[in-house]
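Next come the structures, one after another.
One chain, chain A, appears in both complexes that follow, with chain B as partner in the first and chain C in the second.
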Partner chain A sequence: MNTVKGKRKWEPYIWLLPSVLLISVFVVFPIIIVFRLSFSEISKAGVVGGFNGFQNYIDAVNLPAFKTVMQNTLWWVLSVVGLSTLLGFIIALVFNQKFAGRKIARSILIFPWATSLVIQASVWNYIIKFEYGNLNNVLLNLGIIKEAINWRSSYQIEFVWECACGIFVTVPFVTFCVLSGLQSIDEALYESATVDGAGFWRKLFSITLPLVKPSLSVSTVLNIIYVFNSFPIVYTMTKGAPANKTDTMITYLYMLSFYDRKKGPAIALSVIGFVILCVCAGVYMLAVMRKEEEQ
Partner chain B sequence: MKKPETVKQNRTALIILLIGLVLACVLMCAPLYTFQTSAYTKKSSNTFVGDEKYAQALEEVEEVAQQYREQGFEAQINEAVTERTNSKGEKTSLITFTIDQTFRKTVWSFLGSDLPSGHVLRIMACCMVLAMLCTVFGSIGTMNTEYKFLPGRTRMLRSAAGLFLLADLILTPVFVLMNNYAFWRKTSLYYQDLITDGKEEWFAKMDDFLFGGRMGDNIEAALKNLNADHSALVWVLLFCFLLSIIAAVQFRNGTIKNTMLKRMLYAFVIVVCVITLYPYYVMLITAFRSNAETLDMYFLHMLPTEWIWSNLKDIVSRGVPRYLLNSVMIAGGATVLAMLCGIPAAYAMARMNFKGKKVFLGFVIMSQMFSPVVLLIGISQLMNMLHLNDTILGLIFVNAAFNQAFAVWLLRGTFVSISPEMEQAAKIDGCTTVGSLLRVLLPMAAPGIVTTLIFVFINAWNEYTISTVLISTASNRPITVGITQFSSFNMIEWQYLFAASLLATIPVVILFLAIEKHLTAGLTSGGVKG
Partner chain C sequence: MNSDENVEAINFALSLIDNGYTNPNPATQTRYDLQDMFAAGKLAMVIAPNQLPTYVADKGGDINMVTVNIPANDGKASSSVGVMDRVMAFKDDTAGDQGARNEAIGKFLKFFYDPENYVGWVSMEGFLPAVNSAVEALVAADPSFEAWLDVLAGCQFYPTAKAEWDQVKQGVIAAEQNALTGADIQDELDALQADLVG
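This part shows the complex of A and B:
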């Protein structure tokens, strides 16, 4: 490391300046705007009035769909993050084995990660259509089912499909995070464990899991944030219909502010979401900082 | 040296293989399919069981059944009673008579038939005979020998047996699926007149197979209520093949457990890959279908009947090139900006010591946490203030800012992993800090920089939410927003939607594949290793 001489103390800050400026203007400033607006009176046309106290928050909590939406958000985050972490971990374990065609298999697994969520959601939306969807087409033509099945007969099932689509697009990220962790594990560890007579499960819990834990926890925290913020899947597949029953918080606040013209509660919801994210981010940061100190 | 253990294992495997094969042979002679049809249906008038009218109807049905019996069918008369109350309030019954026939078909009838599944079965039978021949010739005089002492030709024969069995294993479900298609799907499509080509021939074929051609003109009525069920023996057959294969492969690879695990691993990988690729298959085939075919209620075809390339021409005239260009501009601009701001910051973080380094690190990580969606309203207000609303430039700024953290993070990891000695040497030779960065560090860090570049580019390319809110002019839309014009509320033009999606996806996937090798390394140096 260069030691910075006395008169050039300011130099590092110049190097940082563009980055800080960019983040400040386009990330921090909107945060301030959102906070300020959440305490102001906003008319339907979006005209900002005076200080309003916590009225917007009270309005938001009293919205008829508030409870459903919060429950949905919780289910959405828990199921998508939980299941994709589990699936991603299993897939990574398998894809870390040596087998012919491993490279091709890994490349294929990248596809959902590289594809835009809107496109992915549109395709799944088409696949599970009852009247002409492709899943029924394939199953019927293969002779697996005798009659077309209505894959989205109720909104609960539609929500499950949305979660499945979320899992589908999240798994590759987890898999590659875990794979990067697995690759740094020394083969010799497994060999000596085998010599000591450790079985598959024993090796999994005593060697693999502890060593993959850092990558797994980072991917989990990042996923919580990404999945919480995920908008296109729900928006493309159901638009929250019927009556916000399948909305998550993000799609709900979008609908509120840009369709229902209820800017006040929408902004209050933004701040609530923001605070939830802050908590997650804080946990993540503490973890990273602690690792940084260890090194 | 012969190890008695492996010799014994070898022998056991051979015996299992033979048992599996013989069992499969026996199973193939057992009845595989049960068919049930009602050849004739008659409804009686309102009556009571045992009544005059009942007897009359029954007599009529008997007559028809007799005709069938004369033709050599085992016609069985079934009655179904529906109770109802007539206008006078008396309870009466409606009796439905059907002449049912149940018959079983063994492999031999399929082998001789002209059905598509018959062809499959013939191939299967050939494979099985070959596998048996291979096994028998391969095991003459070698029962007691360890694998590596087997003569070369014997090894080849056994491998061949394994391959033939594998073919059988795959073909068994194909056989079942083809039968399902023939007996339910294709026949019912002909009934509904959804397909008409070769209808007569098809019914003649079915008549030949099911009734020995005796049904003649009545075949349409007879097939209407056809019920075809494969017996569970088919799956036992599948299991036999599986067992034999495992035994055959075991000659080559040692213990059965390892072989099994390897098979299961492949099966798992194949399942994962198929599920992953499925949406892309849908996207591809739908992109080249006609509009009518994308909305086909009758599920006629799995592939487009005609590949309509003009769909591509149509989306070109609907503004897709413009959207793609916008996306290139937005993603490219955001990438350049993110790199211009990110490289100096990452350099300072990696090479300099200063107060507030931790604060900046925290600042960066925090900004990574907030996807723009929560801040949508704030961002759109900000854009109004800066007069950047509805402009490509505004999107460039937002995308660059929200990918900044990621860029700094990845770049810093790359820079830290490169030793600073070369730069110091360059500085001693009279290079400025900027010079050493440009001439020494950046070329050395090229792989990491390319990875970061592509990551940011893809993130910006795939961004959807902010663009929908900020952009209202059609000509400024990026492709992700542009494709939504094909799915308006009451009409979705799936073929155009997916054709455009295909164009939007292909370049990104190629870019991602290009950095696949560095992907895991990038993740490690960036997020994971800190």
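This part shows the complex of A and C:
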């Protein structure tokens, strides 16, 4: 009996071993290497030299575009995650109702999520092109405008378009996360609330939101990570031009490493980004878990 | 980098954008976008490489076009930008048989630049030849090619063999793009010069 119990004690760890090995080799080990490289001197050709302390971090923070890129990254994450969560939640509420064509509507919503981000961004680029874009063509043909409009007249507007594309591709993910949460809510709760005289908003804030919170938390944390690390949209639409004014941290460190060949500061930036993500995701999860414990 | 001529040249290029003589979003458009519009007959003029006629034909474009030199100021010669790939062989004093090594390198280069092999490769890539032995065959295959040989003679090639070239190239791009967003080009080039000198 003791032998059987002893084996059973180790059984879960044996089942976990393949996953732990895979994560160690393909995630943990590369992270350790990156951390080590961030404290090393690296030549333009990528040859790793000796330990150089925090010099790569100092060089990264002193780069002329660093402050702009960090601000852009903050706005990028806040706007894409925030607005896609709001819009996704609203769409999920609509999709949770019964209406004709609901299945078709749900299927159509999957397309932006299923299509490659490069294709999405290329299509958006095409739509807003000044010379031959679809947007100008449609508006000109409808007589709404008399001359083609330059929809990318400044880098600020270009950044807004990048965020719009990001929101467009992120909304389906949030919608389906929230929808799965909504569908697990017992209808009896809404029925008894109606009997008690609760209106739409009361039911929304007292029943729907609290019960959907776990799904919303998961989608928000995952979105923060995905959006922060998102490369294709910014790179396809502007490559961070002009002068890194539309860059986020990920595209900037790519240009830094492979165009400017400043590999040391680029690696330092990737570590800074990793730490920021860990802190943000960790703080958010702790706050959510603490609230759930209190409840 | 911060010479008066360079400042004047970049300010002139920026004035083309401000006055509406060229595409309004140069920072986010590549030459392929412009070549596509040119092939569709939507652009009057474009700066492009020698592959443009082939590119237009491949796109199904049927436009009447001629090639001219890039304009220059009075008294200055026109120049074109040349881009080249390099075949490199590296010295290795630790290698065993230096003679055999050098012979192998020479054999490969002779094979590569033999017109029988080289002409086909140059034609496939749409390049201009780097050796005179290929010129005759290329002109025979495409007489319009001869006009490009005159351009080739006056080309200024990117100095890619210089270690600081990457820094210069990215620095100039950044300076021009900063100027597009309102920065003073003299200040930008002064900063770049200081950065290069270190």
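The rule is short, and it goes like this: the second predicted complex is superposed on the first by the 268 of 295 C-alpha atoms of A that agree within 3 Å, B and C clash if a C-alpha of one lies under 4 Å from a C-alpha of the other, contacts with A are read in each partner's own complex, and residues count from 1 in each chain.
Quick note on the criterion: a residue touches a chain if its C-beta (ideal position, glycine included) is under 8 Å from a C-beta of that chain, and two chains touch if they have at least 3 such contacts.
In this text the structure is predicted, and so the values were computed from the model without any measurement.
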Touch check for A:Tyr259: first (chain B), second (chain C), both, or neither?
second
Have a look at where A:Ile144 lands relative to chain B and chain C in the superposition and call it first, second, both or neither.
first
Once the structures are superposed on A, label A:Arg152 by its partner contacts, choosing first (chain B), second (chain C), both or neither.
second
After superposing on the shared chain, does chain C or chain B touch more chain A residues?
B
After lining up the shared chain so the two structures overlap, which partner does A:Thr238 touch, if you call chain B first and chain C second: first, second, both or neither?
second
Thinking of the overlay built on chain A, is A:Tyr132 touched by chain B (first), by chain C (second), by both, or by neither?
both
Footprint intersection on chain A (chain B / chain C) at 131-132
Residues on chain A engaged by chain C in the complex (per definition of touch):
44, 129-132, 150, 152-153, 155, 158, 237-239, 241-245, 259-261
In the complex, chain B touches chain A at residues 176-181, 184-185, 262, 265-266, 268-269, 272-273, 275-280, 282-283, 286, 294-297, 299, 301-302, 337, 340-342, 344-345, 347-348, 351-354, 357-358, 360-367, 369-371, 373-379, 381-382, 397-398, 400-402, 404-405, 408, 420, 458, 461-462, 464-465, 469, 480, 483-484, 487, 494, 497-498, 501, 504-505, 508-509, 511-513, 516, 519-521, 523-524, 527-530
Listed in rising order, chain A residues that touch chain B in their complex are 1-4, 9, 11-13, 15-16, 18-23, 25-34, 37, 91, 94-95, 97, 99, 101, 105-120, 122-124, 126-127, 131-132, 134, 136-138, 140-144, 146, 148, 168, 176-177, 179-181, 183-184, 214-215, 218-219, 222, 225-226, 229, 231-232, 250, 253-254, 257-258, 263, 266-267, 270, 273-274, 277-278, 280-281, 284-285, 288-289, 291-292, 295
Listed in rising order, chain C residues that touch chain A in their complex are 23-25, 27-28, 33, 37, 40, 42, 163, 166-167, 170, 174, 177-178, 180-181
